[in-house]
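Have a look at the structure below before the remarks.
Note that the chains take the letters A, B and C in the order they are written out, and that residue 1 is the start of every chain.
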Amino acid sequence: MNNPYLPMSVTIKKIIIENEARDIKTFDLGFNDKKDANKFKYTCGQFAEISILGVGEAPIGIASSPMDEDLVQFTVKKYPTGVVTSVLHNLCPGDIIGIRGPYGNGFPMKDFEGNNLLIIGGGFALTTLRSLTKYILHKKNRARFKDITVLYGARGPGELIYKSDLKQWDQREDINIHLTVDKGDENWKDLVGLVPNVLKELAPSSKDCISLVCGPFIMVKYTIPPLLDIGFSPERIFTSLEMRMKCGIGKCGRCNIGSKYVCKDGPVFTYKELQGLPNEY
Amino acid sequence: MEEIEEKIKDTVKKLFKENKIDIFIGYSEGTLPLRATPCFITKPDNIEKLVWNSYCFNNLAVYLPRFFLTQHQKKDARLPKIGILAKGCDGRSIVGLIKEHQIPRENLYIMGIPCEGMIDIKKIQDAGCKMQEVEIVGAKEKDNKIVIIDEDKKEIELKKEELLADVCMRCQYTAPVIYDVLIGEEKRKTKEEERAAIIEEFEKKPLEERWKYFQEQVSKCIRCYACRQACPNCYCKECFAEQTKPRWIGATNDISDVMFYQIGRIFHQAGRCVDCGACVRACPMGVDLRVFTYKLVKDVKEFFEYEAGVSLKEDPPLATFKSDDQQEFITEP
Amino acid sequence: MENVKLKIIKKKDVLNFLDSLKKEYNILVPMEKNGDIRFSKFNSGQDIPWDYRNTKISPKEIFFPQAETLFYFEAGASAPSNRSRVSIPINESKDSTSETNNEQRTTNYLIFGIRPCDAQAFSLLDKLFGGDDFQEPYYLKKRKQATIVSLACNKPQITCFCTSLKGKPDNEEGSDVILFDLEENILVKPITKRGEEFIENLNIWFKEAKKSDVEKKNKLMDLSLKKIRSGVNLKNIKEKLDEAFDISFWNEIHQKCLGCGICTYLCPTCHCFDITDEIDSGAGASPTPEGKRVRCWDSCMFPLFTLHASGHNPRPTYKERMRQRIMHKFNYCPENFKEIFCVGCGRCIRNCPVNIDLREMLISIDLS
């Protein structure tokens, strides 16, 4: 019987500090066993349990695109009370940790094909959306999707993550990027304002469009009403939930909301599904 | 007993009528024989549910801090006025909670009730009603007797005095030391020497025997934390046993983790424990560390001439310091 | 009765019967321990307490113990925050299914004398820990190799309400063989194929049951069934709870709750757990530092169960947690597994320090 609790061994290949506050880092991981690499086939929106032996595990969304071969990236924010994230942030390239996964339902990419996509991200929750965006922009996939609009906001210019990706996307013709910050600085040229407000101003069309929203809970809460106003129906608004998780496979009960387990039936849910869940989040 | 019950109900009715309280915490009839259960009255219609008998052993003070947790209060919300039925032990716990600023005295209406002792169900089992053999279907309290009715309708009469919990038998303050109204008169008084005798017996034993006893008791623990949750003094938002940063102990029933947890929890009660016995009663596995909780109480009395829960004015010795305190233990270890 | 061959064994022969199986099976029987009954390894000297009501902790602890090591690893001398390698080769050398390190490593369990409600609970846990997507190997490995011999109840307790939940004193679900205590004799009824084979292989111990034995057993079961007086109407409880998330009932029912884990820990179907890492520094018994990842019981009733690292807690008060427990057992699990995750054993009612009664709660929900 396959033991889902055993982590696969990975080595940290590269660490990038993503933000000015230096508490968000992207880790590039490489599998130490080719067989594990072949087993770890993931889709956008899935997550894995980062496992540091002797410390613990943490569920982190996969930031790299499934089209990136031999590369698994995770963007992790360090929480002062977080045991695993604190230790992870103190590690260096060459250190060995473990991962378990991939878990979760991921975004239903097949259902997105043929549609316009409105991708809204806040803060460091852009991580799985970045996986999705990179996947779509890949030359093998781009043709199957129509217009892509990305609206991404952070507290300040220094807090925007994936700066190099954002720059690249800005220069492309086949994607529209709108960046906004809550508070700009003297060098800031783009929009200023909270994501829900900017969304209302931009008022993108909801025709043949699917929207994805990921961000801090409070941001998602205030972004959904404008989306509904614009005309997105609840089944066409997708979000990714964060919950305290332990096993990642729907057994330990920690991430249970209603009859769903965020680790197994999620973390991707449509707004319509969320409406059906108890008002507990 | 019935008289006192009626008096309690009348007084509560008056309190609601005069708008003096928002909620009253007392006891109502349990769903099992020999049990009473904590009861929260918010509407005068429910006052009839209140009871007073020899099964009212739960320490109600444990519910008080919940009403005053600021994180759940809406901004500028008025703090509730809570009426509470308090035996001696509950009253001592309340004094401790007031001194530690967990509950404001002005929001409490303490209905003191001199307690004649509560029965210990384990003693009933030892008196010939072993749980696995005799199924207790009903029980009646008649004067100073408890009459047990088993599933074959047989009645077993037991003397109430022999069934009283050990903590009750050595209780020094059977009525709360602070109250707004006292229902009834204080009748029972135990002698200090009797209380001390329990611990002296144990203290005479050799070290190995005492350690063996401690190990045996503690090995029964399953880390359900009932002892901690039932204790009014354990109101920490994050208990040391569950802290992850730093991680003091593991979460399993490994014997060394359990010992650390039990010793830690009991010692966090030094100078605060009022010997109410709620921890022992709550434990489903029968972990009995009363000998240790009481030893703490005794030692604090000896070293600091202080007894927790007895006076609102006295400063707890292990939580206060004066500028002229001895410091040699730091400078000359 | 039907086509099943019922057998008889004299009560006084049972100890020898179990003795003969000691080499082949890891035999667990209810045994007196610390003033109560608990499932422990069969000891030739000790008699089976045939009249026992039920154990304090449910026998789920046999397949799903309070603490279970998932795997070991070398901990090394350096702390993880040290810049040197954190490489920790995973070392899964020890068999995590043996009870202690010194016990014989047989995983052929024989659970003898379990009550039908607890056996039914196993079949519920099988659905959760098994399933199509992920399989829980630690529980399943032990469970699949176990033979469950249950003992029908002659004397239910006042807290028993198994009949409200598809159960009864001689319920067969989850058991391989069921025994009936006929005072001097034990009537034996194989249920599953494994049970039939088990009895077949040990045929020399049994005699054919007589008609009078069967009649006696029927009489006892009738009496026993009548004794279960407390019942709750659970028809459509799932549907009722579908609409019940925001009813005012939840505002009062949680007030008494202390937030301990007794109800969940003793419950035969509760299964929430925590996974933590532990490191033995090497100062004690083992000479080299040793690390292990452990799984231990956890409870949705604990205040910190759903606390996020950000500080947000979706279930901040006792109200949400009490509601979660009821909803999970009587609404969410029926939705996911088509079964109510309760067997009516009554342990939560009997052991709750503040006498919160599940039956009372269910009746109130029914009425609101």
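We take it that contacts are C-beta pairs under 8 Å (C-beta built on N, C-alpha and C of every residue); 3 or more make two chains touch, one makes a residue touch a chain.
Only a predicted model underlies this, so the values are computations on that prediction, with no experimental measurement involved.
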Next on the checklist: Quick check: more C-beta contact pairs at A-C or at A-B?
Outcome noted: A-C
Next on the checklist: Going by C-alpha centres, which chain would you call the most central?
Outcome noted: C
Checklist entry - Where the centres are mean C-alpha positions, what is the separation of subunit B from subunit C, in Å? => result 31
Next on the checklist: What's the distance between the Cα centroids of subunit A and subunit C, rounded to whole Å?
Outcome noted: 39
Checklist entry - At what distance in angstrom does the C-alpha mean of subunit B lie from that of subunit A? => result 49
Item to check | Residues of subunit A touching at least two other chains | outcome: 56, 81
Item to check | Sites on subunit C at which at least two other chains make contact | outcome: 274, 276, 298
Checklist entry - Given the complex with subunit B, which residues does subunit A contribute to the contact? => result 56, 81, 83, 86
Item to check | List of subunit B residues in touch with subunit A within their complex | outcome: 244-245, 247
Next on the checklist: Show me the residue ranges of subunit C that touch subunit A in the complex, using the header's touch definition.
Outcome noted: 70-71, 73, 75, 80-81, 83, 85-90, 92, 128-129, 131, 133-137, 140-141, 245-246, 271-277, 279, 291, 293, 295, 298, 300, 305-312, 314-315, 320, 324, 327-328, 331-333, 335-336
Checklist entry - In the complex of these two chains, what residues of subunit C are touching subunit B? => result 34-37, 49, 51-53, 56-57, 66-67, 155, 157-159, 227, 252, 255-256, 258-262, 265-266, 274, 276, 278, 294, 296-299, 302-304, 316-318, 349-351, 353-357, 359-360
Checklist outcome for this item: subunit C partner, complex, touching residues on subunit B are 30-33, 35-40, 58, 62-63, 66, 71-72, 125, 131-133, 135-137, 151, 220, 222-226, 228-230, 237-238, 242, 250-254, 281-282, 284-286
